[in-house]
Amino acid sequence: MAMRAAVAGASGYAGGEILRLLLGHPEIEIGALTGNSNAGQRLGALQPQLFPLADRVLEPTSAEVLAGHDVVFLALPHGQSAAVAEELGDGTLVVDCGADFRLADAGDWERYYGSPHAGTWPYGLPELPGARAALRGARRIAVPGCYPTAVSLALFPAYAAGLAEPEAVIVAASGTSGAGKAAKPHLLGSEVMGSMSPYGVGGVHRHTPEMIQNLSAVAGTRISVSFTPTLAPMPRGILATCSARAKPGVTGAALRETYEKALAGEPFVRLLPEGRWPATSAVYGANTALLQVALDEAAGRIVVVSAIDNLTKGTAGGAVQSMNIALGLPEELGLSTIGVAP
Amino acid sequence: MAMRAAVAGASGYAGGEILRLLLGHPEIEIGALTGNSNAGQRLGALQPQLFPLADRVLEPTSAEVLAGHDVVFLALPHGQSAAVAEELGDGTLVVDCGADFRLADAGDWERYYGSPHAGTWPYGLPELPGARAALRGARRIAVPGCYPTAVSLALFPAYAAGLAEPEAVIVAASGTSGAGKAAKPHLLGSEVMGSMSPYGVGGVHRHTPEMIQNLSAVAGTRISVSFTPTLAPMPRGILATCSARAKPGVTGAALRETYEKALAGEPFVRLLPEGRWPATSAVYGANTALLQVALDEAAGRIVVVSAIDNLTKGTAGGAVQSMNIALGLPEELGLSTIGVAP
Amino acid sequence: MAMRAAVAGASGYAGGEILRLLLGHPEIEIGALTGNSNAGQRLGALQPQLFPLADRVLEPTSAEVLAGHDVVFLALPHGQSAAVAEELGDGTLVVDCGADFRLADAGDWERYYGSPHAGTWPYGLPELPGARAALRGARRIAVPGCYPTAVSLALFPAYAAGLAEPEAVIVAASGTSGAGKAAKPHLLGSEVMGSMSPYGVGGVHRHTPEMIQNLSAVAGTRISVSFTPTLAPMPRGILATCSARAKPGVTGAALRETYEKALAGEPFVRLLPEGRWPATSAVYGANTALLQVALDEAAGRIVVVSAIDNLTKGTAGGAVQSMNIALGLPEELGLSTIGVAP
Amino acid sequence: MAMRAAVAGASGYAGGEILRLLLGHPEIEIGALTGNSNAGQRLGALQPQLFPLADRVLEPTSAEVLAGHDVVFLALPHGQSAAVAEELGDGTLVVDCGADFRLADAGDWERYYGSPHAGTWPYGLPELPGARAALRGARRIAVPGCYPTAVSLALFPAYAAGLAEPEAVIVAASGTSGAGKAAKPHLLGSEVMGSMSPYGVGGVHRHTPEMIQNLSAVAGTRISVSFTPTLAPMPRGILATCSARAKPGVTGAALRETYEKALAGEPFVRLLPEGRWPATSAVYGANTALLQVALDEAAGRIVVVSAIDNLTKGTAGGAVQSMNIALGLPEELGLSTIGVAP
């Protein structure tokens, strides 16, 4: 019998994508949908792409409404998840798409988010060493940030194998849906179409400590990260260009072999054949990460580029994948590896 | 009395932009326009935006057609400029938008371009130390590549002042016009809209040795460059994110002061006020480079982001600016610093 | 047991979309994939979004390769389908995404396509009166053109009910994938991004007689069509604005009621609630058509706007939907009504 | 000696475009810049493309601030112009980019704008019959709406010559800047990129009565207009597809000749050579309107397509062109016919 899932924050981009995926999930039935400012409205007016749910009405986000579901997805502004989760017992699997339970270091949390640390939950990036095991049977899941997903998948094999020096330099381009659905002047179509711009430069973006945490864990040593996010004129997608000095003696062949081994058997990550580089269009709406690696011998650097859909593998797809693992379902259930392209 | 300028390669994107600028230049009258496969066609069918030249007919590219002009702009495929220039005497100022005369090192040229080295001409990036002086009275100008323009402007102050370690990491996003007007499947609108993708990864892009040459010259020591270009879903613009480890003791205040001093008085380069970052839309069609700098203290890196229009400051605008200097005209003549935005 | 389907023309946009849908179809197993100039290449290099088929190799398009399948989809240039279909017996369901078998009138065919008329097959737009019955058990299907799909769905209820005068005026905007994957200069990203332009103006577009045929059949009288297609800066989607003078006495309420009745029960067409208008983003990758109607009383015209994905409901989705009917499968099998948005 | 111009509403898209043009106008010096919610801010933070004005500070919009200028441009929300204009005497030329003084019919005004009618000023579309004469020496100018500019230029020759029946059908696509800079959810980049959608369907768009007024005046009889605006995924540009039944006996040759004669000598309107159709990219940032006409003999309709930049010829360029006429300056001063393309 199908399990029932509720989605808190169903009117936003993450919530909409979660619902798109759950509608195609054979073991999930969609329960309560909640919003705050949009409570009382029909979903058809807010998420016109979710045809089968057009007549569903949003309820206010509250523990009463969310209670009694097998799974609750939280797609709420940072800082609101802990209070909701507390009222939902261990009978409910809570999958938090917010940042609240991602960082283990309370100091990092407070420095970057400016509020008290809520704790740490099993981390929903199954491809990282040890992560899949921690997710099995879990009742709470912290879904990674979209940039940390793209970056950690790109660099963990190199750091796990000790091929790279501990200073990573990352420049990533994101589609505008990563900035959410709140109407802000700099996110208007007139402003973003035809334009690239950086933001959060110089180490201040909140996803920086999450990348450091992930890469340091696999490396077994502190990795520093210089991270520059940029806004690209497209609705979806992250292209992350990640590099680090190669350790002495690393060869291109060894690099490639390391990545092939580290990613072997992963259903949602693909190292492209040599000579081909990933494009975000190829993963549009898919739960896939595409990777390619190169050794720049003149500059002495390993360069890895990864492409994901920030809303799918970067948020909702990663959430459903982790949910599947936690519930003991086949990991790929309800998830597609096929992009909608062109 | 106005000088007459010919444009070889008038049907391409660089040629079209040169003509757009020359049409607004008070001291230039437009002479011969040439093409190869398009010879015999009216410009109106090829460059519909150049309203006043709609009825002009393209002639074949040849020394006879180009002779007798005060200035000849070459917007030809790499490798074709030397032969044409040779037949034009010193009475003609030749401004080459191709790569042929940019690199001083014959080995670099041959490695990256696979043909014999043609030589070196005065380099048309007036903002670099010494460049303006070399351009005064010049009869030959090598216009820089679009990426090297964005990157050299971003990093030369840091390297000239000795603030940065000699390993630069650069990730740049370019609009599709940088790839030219030849119809290739991966440049179709269906492929590029909504998608970001890298190319020429791992040190193989031809603009890499040009960046190394420029930065090494100002630094007085060999600078290594890890350069990753990406294709962005927009027609124009380059956003270059450039970083390097800061030398010990460098402070944010010193960094900013260095940039303010290095760029003071430059008519076409602007360091933005603190807290604001450049967007390519702000320089759409303008000969302007916008810069911002940050010191990422945790990662120990200087991060500089620059935005230019690849066709204007990155090609045609830089060409006209350098022409003005060579001809003894006011440097800003016929060039606008104002972008067409939004 | 699953049926096997071959796709001829698997490297193009229509072929790629057919494969994307078939990969999610529970009763279809993918057999031979063919191409012409691309025969011998791996699909991963041509359709990087089709992750599970990355290692499949394209065969040359020939009757031998296509024989022995339960279903063959033809996504070939116009004029090539008849020869292939002839060699495939009635044991194979042939679904032609080309135009060859759409038009009943040989004169129309020859005037617009300039080649001998091949014949007429059951027409794959199940929502038209009588179409579904003709498709049941069919062994040959002519998939409609993308524009005729959008326009016929928009106007057939008005003409079937006799509400509109027999002169329709249609202006439609299409994403660039409608123009196919062949590299042509005017389809370059640099040309189409940020630009709208018309083409085939004045009654010369080949989809015009197909619209006239469909609307005249439901009206029982000759409908004239003024059709202007425009190219929009997006990869996918058609927005068709269709209008005709209202017959005397038609009211807004009667108009709406007519559409509600005509579309009731249709799984893939939705009349939006009053006050909301369709956007192509809401049907991105979905087999859905969204409609809205208005009566402009001052101008005396019925205005209907429809939105579809040109590659899905407009081509590959319509093809699969019609295949389902022909094979006696549930009509909605393997097809989603949910758009990938934003 | 240069005249001084003030711009009220300098932080919006129309105000920004007016300033871009005035910065290149040889007879105008820029005086006061005003805003409301943005008063006190530097222009560099609001209009980063206006490099030379980056350090100018916005003042509050008031008659005191605007007084004493030779020209005042009003780029204010509808309904605010009358009060400001009243306090500026006839010594000041007031150019209103709002709708307040466009409509002669008070009933039309009240029906569409819901406020008392302010009056009528000379109409700033010089190409219309009689308009240029009315603008000479004028002290008040009503700048047309962007859609009425595109549509009136497209259809006035046909109606002036009596070639078309009095029912026009118009479908136009506009870039998003036409919707202004106020942050609204449906105008977010995530919503508009990759999507086309209609709005104001069924005769309710406020520009409808303005089109009717213009076309009826040249026709000498009441013209009905069915107008459907659509939002296109681009920052700028309007493509208007306009059609009407041809009067009996009209030929394609007569149609073309009529347009050639009507537009002869117009500096900013160009009928393209036969076989070429306008694209909005060709007029990006230019004060140009490109037109093409066709006679669809089968459908019996005249089809005219026009392309303008909604912010330039559609607003700010039309305003400056009309100002030039009013002030007795050469009509083309400070205005370019050259688009920034690709």
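Lettered A, B, C and D in written order, each chain numbered from 1.
One rule holds for everything that comes next: a contact is a pair of C-beta atoms (placed from the backbone, for glycine too) under 8 Å apart; a residue touches a chain by one contact, two chains touch by 3 or more.
Treat the numbers as computed from the prediction; the structure is a model and nothing was measured.
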*asked:* Between the options B-C, A-C or A-B, which interface matches C-D on more than half of its contact pairs by residue number?
replied: A-B
*Interface residue identity across copies subunit A, subunit D - same or different by half*: same
*Distance-maximising chain from subunit D - centres being C-alpha averages*: A
*Using mean CA coordinates as chain centres, what's the subunit A-subunit D distance in Å?*
45
_Between subunit A and subunit B, what distance separates the C-alpha centroids? Give it in angstrom._
37
*Listing for subunit D: what residues touch at least two other chains?*
13, 175, 177, 181, 188, 190-191, 193-194, 233-236, 278-279, 281, 284, 342
*Sites on subunit B touched by subunit C in the complex*: 13, 175-177, 179, 181-185, 187-194, 233-235
*For the subunit C and subunit A complex, residues of the former touching the latter*: 13, 16, 20, 23-24, 44-45, 47-52, 54, 177, 181, 193-194, 235-236, 270, 272-273, 276, 278-279, 281-286, 288, 290, 336-342
_Using the touch definition from the top, list the residues of subunit D that touch subunit C in their complex._
167, 169, 171, 173, 175, 188, 190-191, 193-199, 201-203, 208, 224-226, 228, 230, 232-237, 239, 241, 243, 245, 277-281, 284, 292, 294-301, 303, 305, 307, 342
